[in-house]
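Chain lettering (A, B, C and D) follows the sequence in which the chains are written, and residue indices restart at 1 in each chain.
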Amino acid sequence: MSALSDPSQIDPTDPEAYIAKAAEAFRNWGRWGEDDRVGTLNFIDDSTRASAAALVTDGAVFSLSQSFDMDGPQKGWRRRTNPVHTMLDTGTDAERGNQGFPHGIGGADDVIAMPLQCSTQWDGLGHIFDRGFAWNGRRAGDVVTSDGDLVTGIEHLADRLVSRGVLLDVGAFLRPETGELEDGYAITQADLDACIVAQGATSEVGRGDIVLVRTGRLSRARREGWGEYAGGPSAGLSVTTAGWLHRREIAAIATDTWGFEVRPNEFDVAFQPLHQIVIPNMGLTIGEMWDLDALADACRERDRWEFLLTAPPLPITGAVGSPVNPLAVL
Amino acid sequence: MSALSDPSQIDPTDPEAYIAKAAEAFRNWGRWGEDDRVGTLNFIDDSTRASAAALVTDGAVFSLSQSFDMDGPQKGWRRRTNPVHTMLDTGTDAERGNQGFPHGIGGADDVIAMPLQCSTQWDGLGHIFDRGFAWNGRRAGDVVTSDGDLVTGIEHLADRLVSRGVLLDVGAFLRPETGELEDGYAITQADLDACIVAQGATSEVGRGDIVLVRTGRLSRARREGWGEYAGGPSAGLSVTTAGWLHRREIAAIATDTWGFEVRPNEFDVAFQPLHQIVIPNMGLTIGEMWDLDALADACRERDRWEFLLTAPPLPITGAVGSPVNPLAVL
Amino acid sequence: MSALSDPSQIDPTDPEAYIAKAAEAFRNWGRWGEDDRVGTLNFIDDSTRASAAALVTDGAVFSLSQSFDMDGPQKGWRRRTNPVHTMLDTGTDAERGNQGFPHGIGGADDVIAMPLQCSTQWDGLGHIFDRGFAWNGRRAGDVVTSDGDLVTGIEHLADRLVSRGVLLDVGAFLRPETGELEDGYAITQADLDACIVAQGATSEVGRGDIVLVRTGRLSRARREGWGEYAGGPSAGLSVTTAGWLHRREIAAIATDTWGFEVRPNEFDVAFQPLHQIVIPNMGLTIGEMWDLDALADACRERDRWEFLLTAPPLPITGAVGSPVNPLAVL
Amino acid sequence: MSALSDPSQIDPTDPEAYIAKAAEAFRNWGRWGEDDRVGTLNFIDDSTRASAAALVTDGAVFSLSQSFDMDGPQKGWRRRTNPVHTMLDTGTDAERGNQGFPHGIGGADDVIAMPLQCSTQWDGLGHIFDRGFAWNGRRAGDVVTSDGDLVTGIEHLADRLVSRGVLLDVGAFLRPETGELEDGYAITQADLDACIVAQGATSEVGRGDIVLVRTGRLSRARREGWGEYAGGPSAGLSVTTAGWLHRREIAAIATDTWGFEVRPNEFDVAFQPLHQIVIPNMGLTIGEMWDLDALADACRERDRWEFLLTAPPLPITGAVGSPVNPLAVL
C-alpha cells in the first residue's frame, strides 16, 4: 500500500501536501489527448455497453433518483435551493373553462427553477478545479466563465453514461445490523476490497464500470428527516481511495450522500479534497444524492450486484452538473 | 377501416363530433384499475424490458435529446421560454482566488430556469384534458391544481420508460430524396403500416413498444433555423391514427416535432385534437422534440429498426411533463 | 364600541360567524363603481398627494425596505423561497478579457428568481379571497387564474401609492423599555387610538393616509435571527380592528411583520381572518415585512410622525403582490 | 467647445483613443473618498430633496415604468429574457375549494424570474467596466464576482434616488411634427442646451438633478411593436455628451430607449462607449427603458418641466441593476 492510500499516514494539518502528491500521482491529463472532454468515461466503449446490456436477466428496473421537490435537503448553501416547480396552466382552470381553447381541450403546463445539483445529480468535469486548473490541465478561467463550461460542459456526456453498474453496499457490509455507516466514517480502499470479496464475483470492479457505493446515509435521512444531509457530517469515501479509483479504471462513481467523500473531511481545515484530486486531475465523473436502497435490496435478494446502468445527464449546454434519473436494469 | 381511421371521412367543420366518438372508441379508463396513474405504460413489464435489453448487439448508443439552451425553438407561447442557465460560481472566480475555499480547491455551480416542455420532453398524463376530464376519468380540477399534478405526476413514471424502441422513419420512407415531410402532411395509419412493411420485420410494432416517428422536421430546423418549429406548421400524425395507436397497444410514442400531431390540425378551428383523444382517454404518454436523425442513420446502416430505449423522466413531484435525454442502444 | 370591535366578544370557536358579520359590515363593494380595481386607494387624489409633498421639511429620506437576498426569512412555506440572484456576466470575466467586447468595455448583468412576497411587499387585491369571492364581488376564478390576476393585477396600482404616511410606533408606545411587542399580542383599536393621542397631532389618521404600524417584530429578528419570522408567532393587528381601518378611510396599511395581523390568530382554528375581511371585502391594500425602525427613530427625534410616502409596486402584469422599496421623506 | 464634445472631431476608426481621453477628462475617482459606492448620487442631499418636494404643485402623479411581462422587448441577447411570472396559488383553485384553508379564506400567490434589466431599470455602478476597472478605480474582479457586486451593489442606492427631475423632450423639440427622433440620431450637447432654452427655465439642469431625456423611441415601439427596441438602432445620447453630463453635475439620467446612448454607436466597431466613459469613470447612474410619454404631455400642458422624482431600486443585495417604477409628482 502506497503512503497515499494509507489513512494512518495522513497529516491532518497539511492538506496541501497530500493533495499535491495525490493529484500528481493520479493525474490523467493528456491520457486521452489534449482535446479530451470526458475523462474516465473514455473507459466505456461499444463493447462495454453491449456486455452491460447482456447482464440483464429478469428485467427488473430501479430508478435511483430522489425526488425533485421543495421537500428536499437544500438549505441555501451557496444559493442552492430545493427546486421550485410552478404551473403555467392547471386542470382547475381547464375544468372551469378559463383557458380559451376550442372543442373542450384543456391543458396543464409547468416550469421549474432549480440548481443543477439540488437532488440526484452528476458533477461535470467543470465542477471542481485544482489550484486554478480544470480537467486535462486547462486554466479554470478558460473553461468555466459566466457563460458556463465552454469546454467540458455536461452536454458532452449526453450519450456516455451507459455501462455496467456495480453496487457496493458498504453500509450493509460493515454494519450488517443497521445497514448504515455512522457520520464521519471514512471508507477506505481496504473496505471497498473487502466488500467486493464479501459480495462475491458479481461485484468485482474494473475498467469502464460505474460504481455505486451505498453508505446508508439516505436511509437515515428518509427516516429522520433531511437535517444536515446537504453538507453536514456523513460517511463517505476516504481521500485515500483516490489510488483505488485510479487503479480500477472505473468510468464513474456515485453514492447516496450529498458529498461523495467523508465529512467532515480528513484534514483539520479542508473542503472536499477528494473532489479536488479526482475531478480535475483524474477526470472522474461523480454522482451524488443517488437513492440506492431499493436496488440494494434487489441485489441482495438475487445475490447479484451487477446490472445495466443508464444515467444520461440532460444535455444542458455549458452546465457543470446535471440532474439525472439513473436506471438500473437487472 | 373504421370511419374514425379514414381521413377522407373527417368533417373539418365539426371537431367536437369526431373527438367525442374517437375518445369513446379508444378510451382505456378503468382498464388498469381505478387507481391507475400510468396508462399504457402498463404494457411494459419485466419481460418486456429483458427482451428489449436482449436486442442490444453492437452496443452503439445514441442520445435522442436536443440541446437545452437559449438557442432553442421557444418564442414565449404560453410563457414557454428557452431554458435560462446561469452560474453560481465560475472557473474565472476560482482561478482568481475569489472563492474563499482552502487548499486551492475551486468550484463552479449552476442553476436553471426552464419550462418542463422547452426541449426534448415527455408529456405527462396530466398535461391534457378532455372536456374537463383527465386520465382514467378523473375531474381535471381534482388532478392538476396550482400545486401540480396530485395524481398522475411525472414522478410515477420514474422507472417506467424502458422498453423496446422502434423507429419508423416515415420521412425517409415517403420522401426518399429529402427524408423530410412537408409541413401539414398528416401521417395516416396506412403510412405507418406501409413504412413498417418497407423497413422490415425489425420495425414491427406491438404491445409495450415505444414508437419513434421521424418526420424530418428537426432536420430542417437544424438546416434553416428554428423559425416556427415551436407551434408552427409541421408534418405529424393524423388525428385518424388514434385507432392504430390503440390497437397496437404501444406504451408510448415520440416524434421529432414540436407537437406530435400534424399542424395545422385537420379541422378548421382546432388545437391538438389527437392529444385530446389519446392522453386523457387512452392514457398514452407522448414524447416531443426528440432528435431522431443520427439514430435513423444508424438503423438504416444496420437495417435494424429496433433497440433498447431508456427514457426516464426526472421525478419532479407533480410535474405534467419532464425534460428527458432518451438513449437508444443498438 | 360595536361587538365586532370588542376583542372580549370574539368566540374563538366560531371564526365563520365573526368573519361573515365583519365582512358584511365593512364591505366596500360597489362603492367606487362596478369596474373598480383599486379599492381604498381611491381615497388618494391629486390634492392628497400635493398635501403629502408639502409635509416634507428637512428632506431626510428613509428606505423602508428589507434586503432582497438569500439571507431572508423564507423557509419554503407554500413554495415561498428567499430570492435567488445570479449573475449573467461578472467583473472577474470582464477583467480577464473573457467577454469578447471591443475597446476594453466590460459588463456585468444579473437575473433574479423570487416569490413576489418574499421580502418587503404589497399584497394586491387579488391576493386573498373570501368564500370564493374577490374584491368588489367578483368570483375568484374570474379574477385570478394561472395567467395571473386578470382584473386587479398590481399593475393597476402603479401610480397609486403616493400619499401622506403616518407611523404609529405601537411597539414603543406600549413597551417603552424595549420597543417590542411580545408574540401573540393583538393590537386593538383602543391601542391605535391611544398611540395616536400619545404621539400627538402629527399622527392623526384619516382619509387617504397610508398607515405604518411598528410592532418591533423585525427589530427582534434583526437581533436574534429570522427564526419563525415568516409565518410564526408575532404581534399584529387584532381582527377587531377591521372597523377602525374602515372608519378611518385609510388608503393602505403596512407593518414590520410577516403577516400584518396577530399570530397565532384569535380563533382556535384559523388562518389570517383579518386578511379575509379587509382585502376582498374592504378593498384594502396591505404591506408586509416593512422596515420601520430607522424611520421610527427619526420621527421620535423630530416629534413628527407624518411624512411623504412613495411606495409604488413594480407593474408586473397580473401580479397579486409586488416587492417594493418604500421611501419616507420627512 | 472642447474636442471631446465636438462630434465632428470623432475619429470613427479609433474608439480606444477617444474613450481613453474622455475617461480621463471626466473621471471622478476619489472625488467622494476612496470608499465611495454611489458616485454622482452624492450630488443629492437633504436640501436637494426638500427643494424637490417643494416643486409639487397640483399633485398629479405619473408612473414612468413600462410593464413587466412576457410581452416585452427582450429577445434573448446575453440571456436577457422577458419576465416569466407564474402563480403558486390561484383564484380558480380557491373558488373550487382546492386549497385546504379554513373558514373560507382563499389565496393567490406568485413568483417571478427575470433579468434585472429586462424592463424599466437602473444600471448600477457595477454594471460596466473600463479596461478592467470599475467605479472609483477598483479592479473589476474585486467588485463583481459570481456572488454579485460586493462593493457597489444596488442596495447602496436604496434611499438615494429622490430628487428634482427634469424632462428634456428632445424628440418633440427637434421633431415637433412627430415627436420622434430617427434611429441613429446622436443627441449632442448643443441639442440638450437648445432644448433647455426652448422649454424654458423650469428645464434648467444643474447639480443633483435626475435628467430624463425623451427621444420618442418608445412611442414608436408602442405603435409598431417591439421589433429591435432591445439593442437595435435608436436615437440616443452622443458619446460627446459626456462632458455636458459631467459639467452639469447631474445625479442620474434616464431615457426612453434600451441603451441610453445612440445606436449604432458613433465608431465603426464599438459597443456602448458612453457607458464605458460615464459609469465606471464618472460614477453616473443611468436609467433605461423608461416611459416618458404621458409625463411629457403633462409637462407640456403645464409648461413646467421639473417635478419631484422618486425612483428607488429594489435593494437586491449585490445586484448590478434593478427594476424600478419611477414616479414623477407634479
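One rule holds in what follows: contacts are C-beta pairs under 8 Å (C-beta built on N, C-alpha and C of every residue); 3 or more make two chains touch, one makes a residue touch a chain.
Since the structure is predicted, the reported quantities are computational estimates derived from the model, not experimental observations.
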Magnitude of the superposing rotation for chain B and chain D (Cα, nearest 5°): 180
Which of B-C and A-B has more C-beta pairs touching across its chains: A-B
Interchain centroid distance [CA atoms averaged], chain B/chain C, Å: 46
Centre distance in Å when chain A and chain B are each reduced to the mean of their C-alpha atoms: 28
Sites on chain D at which at least two other chains make contact: 79, 84-90, 92-93, 95-96, 98, 111, 113, 141, 145-146
Contact footprint of chain C on chain B as seen in their complex: 84, 86-88, 90, 92-93, 95-96, 98, 111, 113, 146
Complex contact set, residues of chain D against chain C: 15-16, 19, 45-54, 56-63, 65-69, 71, 78-80, 83, 85-92, 94-96, 101-117, 126-132, 134, 139-146, 148-149, 155, 158-159, 162, 267, 269-273, 275-276, 308, 310, 312-321, 323-325, 327, 329
